[in-house]
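Note that the chains take the letters A, B, C and D in the order they are written out, and that residue 1 is the start of every chain.
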Amino acid sequence: MSVLRVGMVGYAFMGAAHSQAWRAVNRVFDLPVRVEMTTVCGRDGDAVAAAAQRLGWQSHTTDWQTLVARDDIDVIDICTPGDSHAQIALAALAAGKHVLCEKPLANSLTEAAAMVQAAASAAGLAMCGFNYRRVPAAALMRRMIADGRIGQIRHVRAQYLQDWIVDPQFPLVWRLQKEKAGSGALGDIGSHIVDLTQYVTGQRITGVSALTETFVKERPLPTASRGLAASRDGASTGEVTVDDAALFIARLDGGAIATYEATRFATGRKNALRIEVNGSLGSLVFDLERLNELSYYDSAAAEPGFSTILVTEPHHPYMDAWWPPGHIIGYEHSFTHQARDFIEAIATGTQPEPSFDDAYSVQLVLDAVQQSASSGSGWTHVRGGAVSAVRRTVEAAPPPVS
Amino acid sequence: MSVLRVGMVGYAFMGAAHSQAWRAVNRVFDLPVRVEMTTVCGRDGDAVAAAAQRLGWQSHTTDWQTLVARDDIDVIDICTPGDSHAQIALAALAAGKHVLCEKPLANSLTEAAAMVQAAASAAGLAMCGFNYRRVPAAALMRRMIADGRIGQIRHVRAQYLQDWIVDPQFPLVWRLQKEKAGSGALGDIGSHIVDLTQYVTGQRITGVSALTETFVKERPLPTASRGLAASRDGASTGEVTVDDAALFIARLDGGAIATYEATRFATGRKNALRIEVNGSLGSLVFDLERLNELSYYDSAAAEPGFSTILVTEPHHPYMDAWWPPGHIIGYEHSFTHQARDFIEAIATGTQPEPSFDDAYSVQLVLDAVQQSASSGSGWTHVRGGAVSAVRRTVEAAPPPVS
Amino acid sequence: MSVLRVGMVGYAFMGAAHSQAWRAVNRVFDLPVRVEMTTVCGRDGDAVAAAAQRLGWQSHTTDWQTLVARDDIDVIDICTPGDSHAQIALAALAAGKHVLCEKPLANSLTEAAAMVQAAASAAGLAMCGFNYRRVPAAALMRRMIADGRIGQIRHVRAQYLQDWIVDPQFPLVWRLQKEKAGSGALGDIGSHIVDLTQYVTGQRITGVSALTETFVKERPLPTASRGLAASRDGASTGEVTVDDAALFIARLDGGAIATYEATRFATGRKNALRIEVNGSLGSLVFDLERLNELSYYDSAAAEPGFSTILVTEPHHPYMDAWWPPGHIIGYEHSFTHQARDFIEAIATGTQPEPSFDDAYSVQLVLDAVQQSASSGSGWTHVRGGAVSAVRRTVEAAPPPVS
Amino acid sequence: MSVLRVGMVGYAFMGAAHSQAWRAVNRVFDLPVRVEMTTVCGRDGDAVAAAAQRLGWQSHTTDWQTLVARDDIDVIDICTPGDSHAQIALAALAAGKHVLCEKPLANSLTEAAAMVQAAASAAGLAMCGFNYRRVPAAALMRRMIADGRIGQIRHVRAQYLQDWIVDPQFPLVWRLQKEKAGSGALGDIGSHIVDLTQYVTGQRITGVSALTETFVKERPLPTASRGLAASRDGASTGEVTVDDAALFIARLDGGAIATYEATRFATGRKNALRIEVNGSLGSLVFDLERLNELSYYDSAAAEPGFSTILVTEPHHPYMDAWWPPGHIIGYEHSFTHQARDFIEAIATGTQPEPSFDDAYSVQLVLDAVQQSASSGSGWTHVRGGAVSAVRRTVEAAPPPVS
């Protein structure tokens, strides 16, 4: 069996999630390739050494530039914040590596476009880490839509609701600062629902009208222990420069209309990524807080009603590798599935999904949303086709995983 | 006990619902006034006679002009389609009657404004029939918000989802023709969520950005038996001239932001009026398909979680008049509660709610939505204060019913 | 149209529920007979006069013996506590009246048997008021089982959970005294789940093993205003002489096995009558707190899952008479449906269901439960066939209402 | 850091689940001891070699007798079927090893008693693998009950519902043969709800009345590929000699009464372990198919209702080691938590729970159930105190994990 040697940059939340996926993937799935967790990279030498030990990496380094060029590395896995995605990905692709890059693809359209172009001509394969596509219920949703089970799509209702900064005393962490995070709820979680709805419907968003809001405009500066140096000049608060919430309505290129909402102020909603799709023949509903379930309305049923499919049967996407029916899986398994699909794509030399192109299409939507919201100019068309031809329909897509 | 003699115009769906309310209200509630179902009015003499018999009216007539002026009538209850609301209401108010008018107030802003002005100077009291305010769980929602139980409101998420015209073979009934219905999903059910969200939050919508869509643009003409004459010139289909669905995002005057969606194409959703409100201290969620329940998240609870309040306790609005806890009520009871509140307002000489002013504020929002959607001009301010001073805050409102 | 003149004995909770049914039934359903609410009867003259006024009865009396023999009365509706059912029903049947008797049929097997025998030879028709059979979702459950939709039945899981006496300071009302109430949770609510499960499955319980418990054995005496004279000798508490909860396992004559639980100590459950039936091809689940819904699992579905049927479609039992789909009904409507079926049976001269025979079969089960629980003797056979031949299978039953 | 060298016997379903726990536990939790997956043992040399490779064991063997005595092994993890638990555990304890033994403890009371006695005098620590105690929501349920949050317990309602053998063509696998499996649904899944209800309530079952049923009495013999040799004499079916379902009612030593049901014939229920506990002050409800949730009714809340606690907060048992709030975990994590607690008990020299004593108490209940069901003798006392003094109350228990 051949070996795929991985170098991972970043070891925080996403790094931990990716590490468990690399550790588990060969133990759960029969794959033609064996993963080797070769090196983990981070800026702080002591911290990255500890992370390597805990997360299961054979070695560690603080020098990503060297890492991406090493002969004993096949894959670069980018788990850093968005502002360093482009430079690492470009270097890795130039060095001929396969690249798995966390979402969002980049903090600017310019960077993202450069990454798409680099991927188009690279020897390695490039994929963006919209892991929720690999939740079995979401993959099943896509499969059922592609199979025509709900007919022609009319409505998309997408929400990503969290509440972790409702408290105005929650500190001004980097995710609330524009220069570091790019945007707030919009880029962080709004990007997920844009990608996931485009994925399950096979349609692309063509236009939006949006508003964004920052409910708490000033927050305490974080203490150093929280990862940011406290202000030295006595100031105890700082300005929040990103959105707390983003709302938009949209049209999709297959004729559907949609509402989107991403917020960190939905008190009581912890990780409620919820998507409802209404078609001419039925409907499908997904909620990440109950990620093992998919709700399905089939108007052709003898006694129709929304049914709760427990997505744990062997014929459901990815689930034949896990436990018997009814034994549920968790959030982290989506990363294991992502690793499996990435490895299989590399092994077979096919383009993994979502490609950088797919991820770029998400960036274009977010850009239109910000433009609409900031200018108050109302309806804003999503730029399309700028970088390369992108797949447009779910019919033309490779068959969904089983 | 004094008597309130009612004359009702219209006897279809709403007329049946109002009739059962008039029949039941004195048997359920202790009221200072007894209702007499004096006369029902309709255009077709035989049909209105049959309706009077079935619905429990003492007499019937085909002449509303005479009815509204009769000395033996105290209340005119208007249950006709929207295009005749204004003329009946204006005549009844001019004749000194109390008026209960079904929603929407009118089909045009001009008519609606005239009704507001007439009500302002009339001897009788005027109320608009947004009956869902009288669903106990909705009334409880308002009371809890007014009591500060969820703090400052940040998000409103409102949907009214139905699916009765998903089938493209469903005929072109009058509700799908602009000249008769004014608008489609927007006015019919969108008006309910505009009113209900303004009611429960005590905030008014100040601006919107909207889109509307007609998914099925041509439909079979209805057969005569369906209530519309079939085309004589051989044409078997006609154009749908109203919206099938309306989506908008909005800002409210208390700082909240909101998404609204009204549609008749949400396959599987029969009467899903759903409202979620997120505040700084908690959240509340209502769903008309489970109208005896209110979901409440209290972030101050020891172990917070969304709880399902079964709104059947004696201390819940209206419920001390009904059955023991856990014995649920239905859709029609909202009309009984509406009748009770209307009667009490008349008996005490206070303004019933929603006033024509309140209903006019809904019209203004719908107008802004249509303007935004049709022009594609994006953000549209809701005109305000045009007719008379309107109550703006829930704090200033009369105490909610108990 | 002919007229059915009703005399009702008792006007408390059940009397109010029955009265609204008599008032509504001709306004909702097209019936060949018109109901006249002739006379209501009660022991307290002033109270019954007030009740007549409020509930809509034309006259009132304190003399039930005379009432049941009057020529201008066709139906006697018995809404008194169980200890007077037998004497009123026997007199009414002897006088040739049709009889609708509230459940449970009687407080003793001997009385119940006499009622069954009287009904068998009477000119009038007799029916017992297990109203939950007329909840549309329960009637649909029976229809789907009779139609073979879930195959051969294996499991019945029945609970009737309330919590109104969890507080040990709740007073010793008559329902907690054996001499008046016969039994506690068992007869009051356990009887409902015995009848309803026998009804929906078409199977009869053949044997049980049971336990009963009285958690709070001593309670404050109620004040006189609560309807019971306070103790004169200074004692402030009295003994609870009925069960707070009853649990039993059972076998049914069609091969199913079952668990039953009736309790007034299920904190938080207000009126949770819940029945789950598992068959060889599917399952059905009902919950009275969400009585407009029926949950259905069809193992032959392409993607099986428990679906929530919103039982508000015109093809669902009784629902074509009410509102459009999605507009739910309440607890009281089960009585209106019961009145409709009773009237139709009288009009067509057919035996209404549940007959006194059916109700007697419930008494036999309750008797076996008490015997098993009190003796600790374990498995106890349910006596059968003692009074008259009773229908045993759902196949032989008249077609369910549509 | 010291090392704990594990030898595992068996590598099927439970072996896979335990292996992932041993692999993950040091990467998720900060522990004073590091696990080494030293050797896996099975009867088939090739198969165990493949399993070792896939599951991550350093070596493999087919000789458990030698394994349990090796100096380089500290822990024996028994994942075989129940008929070999006793011999392996006794040998391992005699050799001074710590033992983790899958449930049920043994197939006979005699074997189980011997294991309890051996554990009592052994140098190593012994624990039984009732892993569902380590589901965070179940552990939280216990903590809340121990903290008095629902007061005095009155009702326990426990079900373990599956449906994997509803099809009569499902073959006669070893789990359906008494000589191999001991019992059917009762021992396999009934044991879980007996242990879990005793665990969360801190009460022991003192008596039961039971029935068991085998719905499908003859099944096709499995093909050899299914793991059992097909009949050579031409017979194509064989007798099912275990229960398909077991039902019982019970009393607990703290005054609660209970219903239990374990079945493999609840069509549509895949892994529905459901427990509801009603106390004098509130209620708690758990469902393994939604294992990240705990439903809680607090009668002292301002507006009481059953709330859905999403058990993913850092202060919930075990959850500070995983992902941010709202990011759910799965079935397998219960084994990781079990490994963590076992390791911590070994590291601190304290008795891990559930002890063999605890597991023996479950065996006593199952024995009473079978006796009651087979004799039809009704109420059967659960033998107690036979082996050693066992903890009786949750108050005396070590503090629950946090």
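Quick note on the criterion: a contact is a pair of C-beta atoms (placed from the backbone, for glycine too) under 8 Å apart; a residue touches a chain by one contact, two chains touch by 3 or more.
Note that the coordinates shown come from a computational prediction; the quantities given were computed from them, not determined experimentally.
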item: Where chain C and chain D overlap in contact partners, by chain label; value: A, B
item: Centroid-based (C-alpha) most distant chain relative to chain A; value: C
item: Euclidean distance of C-alpha centroids - chain A vs chain B, Å; value: 42
item: Geometric centre distance via CA averages, chain D-chain B, whole Å; value: 55
item: Where chain B and chain C are represented by their mean Cα positions, the distance between them in whole Å; value: 37
item: Junction residues of chain C, two or more chains touched; value: 269, 297, 304-306, 310
item: Sites on chain C touched by chain A in the complex; value: 144, 149, 294-298, 301-310
item: Of chain C, residues touching chain D in the complex; value: 150, 154-155, 157, 159, 161, 163, 166, 209-211, 213, 215, 245, 247-249, 251, 255, 257-259, 261, 263, 265-269, 278-283, 297, 299, 304-306, 372, 376-379
item: Residue numbers on chain D that touch chain A, as the complex places them; value: 13, 17, 19-20, 23-24, 26-27, 54-56, 162, 164, 269-272, 288-292, 310, 312, 323-333
